[in-house]
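Below you will find the structure I want to go over with you.
In order of appearance the chains are A, B, C, D, E and F, and numbering begins at 1 in each one.
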Amino acid sequence: MEAIFLAFILMLSIFLGFELISKVPATLHTPLMSGANAVSGITMVGALLSAGNANEISTVLGCLAVIFATVNVVGGYMVTNRMLAMFKKKDAAKSTGGKA
Amino acid sequence: MSLELINVGYIVAAVLFIFGLKMLGSPATAVRGNWLSAWAMLIAVVVTLLDKSIVSYEWIIVGVLIGTVIGAVAAQKVQMTAMPEMVALFNGSGGLSSLLVGWAALHDGGDSLFILITVALSILIGGMTFSGSLIAYGKLAEVMTSRAIVFSAQRLVNALILVGIVVSAVLFCMDPATDSIWLYVLVGLSLLFGVMAVIPIGGADMPVVISLLNSYSGLAACAAGFAINNNILIVAGSLVGAAGIILTNIMCKAMNRSLANVLFSGFGAVKTATKVEGEVKPITAEDAFLILESAASVTFVPGYGMAVAQAQHVVRELGELLEANGAEVTYAIHPVAGRMPGHMNVLLAEANVPYDQLVEMDDINPRMNNIDVAVVIGANDVVNPAARNDENSPIYGMPIINVDHARTVFVLKRSMASGFSGVDNPLFFGENTRMLFGDAKQSIANLVAEFKS
Amino acid sequence: MQIGVLKETLTGELRAALTPQNAKKLQSKGIDIVIESGLGLASGYADADYTAVGATVGDRAAILAGSDVVMRVRKPSTEDIAALKSGAVHVSFLDPFNERSLVEAMAAKGVTAISMEMIPRTTRAQKMDALSSQANLVGYVMVIQAAYHSPKIFPMMMTPAGTIAPARVFVIGAGVAGLQAIATAKRLGARVEAFDTRPVVAEQVRSLGAKFVEIDLGDVGQTDQGYARELTAEQLEMQRQGQKKVIAQSDVVITTAQVFGRPAPRIVSRDMVEAMQPGSIVVDMAVESGGNVEGSVAGEIVDINGVKIIGITNLPSEVARNASDMYSSNLYNLVDEFWDGENKRLNLDPEDDIVKGCVITRDGQIVNPTIANHYAR
Amino acid sequence: MSLELINVGYIVAAVLFIFGLKMLGSPATAVRGNWLSAWAMLIAVVVTLLDKSIVSYEWIIVGVLIGTVIGAVAAQKVQMTAMPEMVALFNGSGGLSSLLVGWAALHDGGDSLFILITVALSILIGGMTFSGSLIAYGKLAEVMTSRAIVFSAQRLVNALILVGIVVSAVLFCMDPATDSIWLYVLVGLSLLFGVMAVIPIGGADMPVVISLLNSYSGLAACAAGFAINNNILIVAGSLVGAAGIILTNIMCKAMNRSLANVLFSGFGAVKTATKVEGEVKPITAEDAFLILESAASVTFVPGYGMAVAQAQHVVRELGELLEANGAEVTYAIHPVAGRMPGHMNVLLAEANVPYDQLVEMDDINPRMNNIDVAVVIGANDVVNPAARNDENSPIYGMPIINVDHARTVFVLKRSMASGFSGVDNPLFFGENTRMLFGDAKQSIANLVAEFKS
Amino acid sequence: MEAIFLAFILMLSIFLGFELISKVPATLHTPLMSGANAVSGITMVGALLSAGNANEISTVLGCLAVIFATVNVVGGYMVTNRMLAMFKKKDAAKSTGGKA
Amino acid sequence: MQIGVLKETLTGELRAALTPQNAKKLQSKGIDIVIESGLGLASGYADADYTAVGATVGDRAAILAGSDVVMRVRKPSTEDIAALKSGAVHVSFLDPFNERSLVEAMAAKGVTAISMEMIPRTTRAQKMDALSSQANLVGYVMVIQAAYHSPKIFPMMMTPAGTIAPARVFVIGAGVAGLQAIATAKRLGARVEAFDTRPVVAEQVRSLGAKFVEIDLGDVGQTDQGYARELTAEQLEMQRQGQKKVIAQSDVVITTAQVFGRPAPRIVSRDMVEAMQPGSIVVDMAVESGGNVEGSVAGEIVDINGVKIIGITNLPSEVARNASDMYSSNLYNLVDEFWDGENKRLNLDPEDDIVKGCVITRDGQIVNPTIANHYAR
């Protein structure tokens, strides 16, 4: 029965994912890609569970997984943020430029 | 903390992820969207750490510290221009993590067929995401050639690898030892497959590929989620998987190509990739709109084609919209544009273009390299750089409007046909030229519609 | 009932008070139309065109003596008035403010005199408003006159032999004629600016795509009939100063400023004209009522330092065909409005707003209060 | 059939429901969407019948037969114009069913707190959906007055009912006998609350209310799903619940009102509701577009406002789009429109409107009642029916363009202000008049944008 | 744990419901409302389970519920279909009208 | 080097060959400019304007004798040619096809004669193309002339006093002048139709928003210079028939049909004119080269049954200011194109396309092949 629930969840999430992103301006393509990439670092949760596990091999694999996942998460969010900030700056520059 | 409570945390995280992704898709909310999504991640991680099945934290702390340092330093140091390759690396890293999580699940999870299959899937998808991302990085960073790498029998090799993957996965599931040889074969082949899938794709198409690989890494996380029976991995992973595919599709459309074309064109079309010079680059109204929207100075260069299309009214409308958008708009009139002296004046006056926006050739040319976009509307001879450069051209010596010096040039015409004087126009093949084919009135009307939607 | 239509006698007056089209419509109401021979010739209508629709051609004296309604464009002579039958209705422009003796003669004769200038400017009366219909054409004519005499073209042209800047046209007074002048000059491609003392006009000028020159004159306003109020001497001076620079830069200046019932304001002084470039053109629509421009002469083209001041007097006659059509329709609409089909007669109800405005004399009296007041002063 | 297999069927059904709802939102796919959704329902029903917990089928067959006959006959017989009230009835029927399902769950389900709460919720929501829908039906079918029914202390009464509902629900959960008195109280109060919620809303707003009740009936199904622990009820119910709220919101927007205004305006604004005659009916560009799109003959009536807005160019553009769409387009010019003779001609000629599309007042008036849509663009006096009907009006007797005889009239202006002559215009309150407020140029541009998107 | 899965499912479904309906032309408002109403007849599934139940009261309540739910489902889909058909006919009429 | 600019002697010729602006530009190249007194007066330029930019005012005889380049608008008299210094360059309109004796005199004198008519019609030469620059203005002038003389207004007006239909303007020959005429008439609000024998023109006419009248003449085509070919007698007849109806309905007919180097085709016959409404206007641009309209008289306005045929000859002089500016720029561009800055002289490379086209005589020879052939025939 658990598998059934998971299947429901999977199905609904996929649909939701499809619906969420509809019309994105080209300027946002890269930040959005990068942001989505950071979310895919959610595998970190799995890595944590593995790393904290009693089983030794699992711990080792998990620890490696934690490293990589953290790189993905931390780097991903920061890079996205930098991209979006640049974006904002340009807008600001434009509007002040317009006034000058 | 009970599993129930942890899952409540997961639900909160999932909601935030959903909002975050949605908000990332619109300029006004993108920054907040990213923050929401980051908070969601934090919540997911924190509640996970409260899980009773976690018995030791040392390794975790070590791992997190190392990962944080690497990720933060890399994200800080990277040049703005090198962002895409950095994203590729991060993505590969995530894929590798999923591979490892799947693998680890073998050791502490059960070994029901369901779990084995999901483990195999996380290894496959995570592995190919990892190696594919590395190749994408290499191409973008020009560590390796950015050209499409093709060789004969490529299809055959790829097919063999795929068969190998399926076979090893099946064999592994049938005899699921944690040190099964088939496991290692599966890992190896997955990595190889990622490499093979990306090398035949040209460097210019890498952003699309990264987006696709990103979708895969979401799916890998999802698969890992099934392997360790974790809801948030499934939800967030499949969200990213689906959103990534849609995004990939949007990016393909913006390039006026199909996904299949991006993924497989390398196999067939070695030639087009090399012939970079002398290429005509068509553009869609949508993309032209996006460029115009962010332009601070736009000059229209009308010609006889504008008269034929009777596009003057929509042109003025576009001009007004651009002005409202903050751009400086001028109309550069070449003295011989059209078929009678003052032809353009008649039309633009009819459309009520203010006189002070009309500029003469001699006024606009010196400042052309500060113009963001020059929109050539059915003009041809009067913007033909051959008049400047090609001594053999029959129009050599005629002063022209140097639109080729503008940052970007859009040329609106119906075909590649030549103008009144019948000479070819190298402008159309320029590096910064984009051809917006179609009747000028229709093309401009499309741009106007884009502005309004 | 018989309507008689007289041929114009003033030289240069090419309009006719009735066209065959409207004659036909009147005939079909059961009205007999008698015209003087040659009535429409100058506007392109032969006598035959009138007789073809049922009108008869009559002798001038007979028309005067025999018609219940007499129609014409211009004011009558005293002899004509004497020849009218008592009780007849006489419809024409009349200039009642300045033609006191004529008006009194008509009152004495017992004629019902309708002055086409005095049709009130209400939405309802617009179809009979001959001042508007003629002023409208005049606006067009003034621009064509200016273009004809100008050594420069109006539109901008960027040509291989250099750029021709658009002519700058400045229209002073944006009433009916002024607005049409603005529209016509704009059409020809000129860069048009305009000024008027009534502040509501600014929006109307802009609605034609032209620029309104802002000159602050303090409180001005307009009468409830929509006419401009007369300016104080001080305000007039402010206006002159404000316009000076614009005029000096203009290739064409068109003045249409009038204040109903008074001499036209003098807006453009000689020094302003002299400050203009040689080859510039000034058109003074108000030349007959005193002139907006110093030095303009009625009926002449004056040259001051190479600037031509056009003082043509009978501007509607320049487009006589359309002017006749319009005026004739105004008259037809007037008759139609007050026609009593049963009794086959005009029923000029003294209580009606329009009648109150345009009927000057009736039953031996000067019944129009505005005119009566004016004379009394 | 195992629960797992049944649930696989439910997943398929859910997918089809999702596609079905999505497709119902677009004209091109709506019909197929409805079919998909019907198939989904069939699948859900059939796999449910295979459930092992169903021991007898007699009652089911009887129930289904009766229900089918009633539903089918009602759906076939209903007049096209009576559709909305029929939907209200069906919706109430669904709500009642949820109430009953919740109730029944008491008898065969467990009695954990969770289940009790969900049972209470299904009774509450199902009950108020049922009674509210009946009232909505009554108002639409004019079985009862369609006016908003308000009385003093209405708020107080409603508050008391709500308190009663909460109290009885709590008491019931604390002592969950299947024949608990509180259960009956809850049922009664829920029904009462539905009635009270809908009576203060005017008949014209009923469609919005039905849409909202529809959303509730989805939530009721969802609650019932929790009560009997059934996935498809939860998924489909919450889908409808959410989609219904969005749809309600869209419908409110189309009426230019907020949801709160629809639901609660009755309480405050008894006056506006009674003044049905003389009501100004604003319209959005979107809806105006839909009407224009299906019009076979459109006449534009420009006035001074078009000149002020300098809207002539966009007007011509709209005219061209309408023509391309198959409509017959004319421009009816009143002789005194604008502020100088021929004012409209100058502008329309500038915008290149073909001369043969310009018609005079006397030509258009006789055929006005065959015109689908008359679009009045910044004209006022020249379309004022008072000139025809109201002897006391200062413009009485002036011939006007009889736009009020057209099937539909759009009036584009910025406010309810009067025109040059300063008289009020009864046209704006006409039965077939819709006001499109805003600057004429902007309004027309919006219509043009709608045509292009 | 089941409640957790159900909560996930509920949350995802609600989001999906919100995302599904975005820009609906006014002409489709009524059909869409009616179509959604038919879907809400899904409570029929619950009704069936109740009616088929061994418990007698449940059977009675369930049978009533089945009747009402069936009315909702059958009537709902049929009415929606009729509305949409009218819609199609109008379109067809228009295009032939255009040609005539 | 010295450039001398002569005042025009032809009566009614108001243009000047050089304006102060262009004089200044030439001066700044190191060229001495000498003008005849009163050169620009008629176009609004005083002698002082020229001297202000460094030109000197000289005596006519001295200019002729002392200048290396002589510029003017109209062709020289034989006396003027005799007074030139041998080897001088003479730039003006020359009408070389018809002025054989003048050309031969210039050759004999050893003058390099540049005929402004003969500038080739290539994209590159457009800036020197005086035929185009003047024709362009003429197109505008013809419409203003027509509007001035017409008793009807051009635009449509729907007014309270009835609707004025737009004037119907028919333009025959849509070259440079014809196209500008179309544009101007359109601007004024007329309903414009046009016809030309060259099929490529249809698109150009439509690009101005006017209607092209389709008359099937069989194969016509154009020369590689873009000029029209002469029609066969049969084709001309087909054209006349096709136009007849359009002309009868038109309020204004403007003809600009020319065939380079030959008399203008006779397109509008007397019966067509007679079929027009009284008050209609015909403008014949080709009146000097024989006339497109039967009955048109150069320099006169002929009235045929109330239809006015305007045969004004020197149309560019109607807008003398702009016409001078344009022509002067053409000449400046010509000098500029061939100026040898190092040696401070004109370098008329005989191999250059433009030189080949426009230089008629040089070193005692008639070097232009077209003209030489024409004379030989």
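In this text, contacts are C-beta pairs under 8 Å (C-beta built on N, C-alpha and C of every residue); 3 or more make two chains touch, one makes a residue touch a chain.
Note that the structure is predicted; figures quoted are calculated from it, not measured.
Contact with chain D and chain F alike is made by B, C. When each chain is reduced to the average of its Cα atoms, C sits farthest from chain B.
Both chain B and chain D derive from one sequence, and where they touch, over half of the residue numbers involved are common to the two copies.
Across B-C and D-E, it is D-E that has more C-beta pairs touching.
Relative to chain A, the chain whose mean Cα position lies farthest away is C. Rounded to a whole number, the gap between the C-alpha centres of chain B and chain D is 40 angstrom.
Chain C and chain E, compared by their mean Cα positions, are separated by 72 Å. Here the spacing of chain A and chain B, counted between their Cα centres, is 17 Å.
We define each chain's centre as the mean of its Cα atoms; on that basis chain B and chain F are separated by 58 Å. Within chain A, the positions touching two or more other chains are listed as 1-3, 5-6, 8-9, 12-13, 15-16, 20, 22. In chain F, the residues that reach two or more other chains under the touch definition are 126-127, 132-133, 136, 155, 157, 159-162, 164, 187, 189, 209. Touching of two or more other chains is recorded for residues 18, 231, 235, 310, 335-336, 341-342, 346, 349-350, 352 of chain D.
A complete list of chain pairs in contact reads A-B, A-D, A-E, B-C, B-D, B-E, B-F, C-D, C-F, D-E, D-F. Interface residues of chain F, counted against chain C in their complex, comprise 14, 43-44, 126-127, 129-130, 132-133, 136-137, 140-141, 144-145, 147-148, 150-153, 155, 157, 159-162, 164, 184, 187-189, 277-279, 306, 318-322, 325-327, 329-330, 333. Every residue of chain D that touches chain A in the complex is listed here, in rising order: 3-4, 7-8, 10-11, 14-15, 18, 231, 235.
Contacts from chain F toward chain B in the complex involve residues 122-124, 126-127, 132-133, 136, 139, 176, 179-180, 183, 186-187, 203-204, 206-209.
Those residues of chain D whose C-beta lies close enough to touch chain C in the complex are 304, 307-308, 310, 335-336, 338-343, 346-347, 349-350, 381, 394-398, 420-421.
Looking at the complex, you find that chain C touches chain B at residues 155-164, 166, 189, 191, 209.
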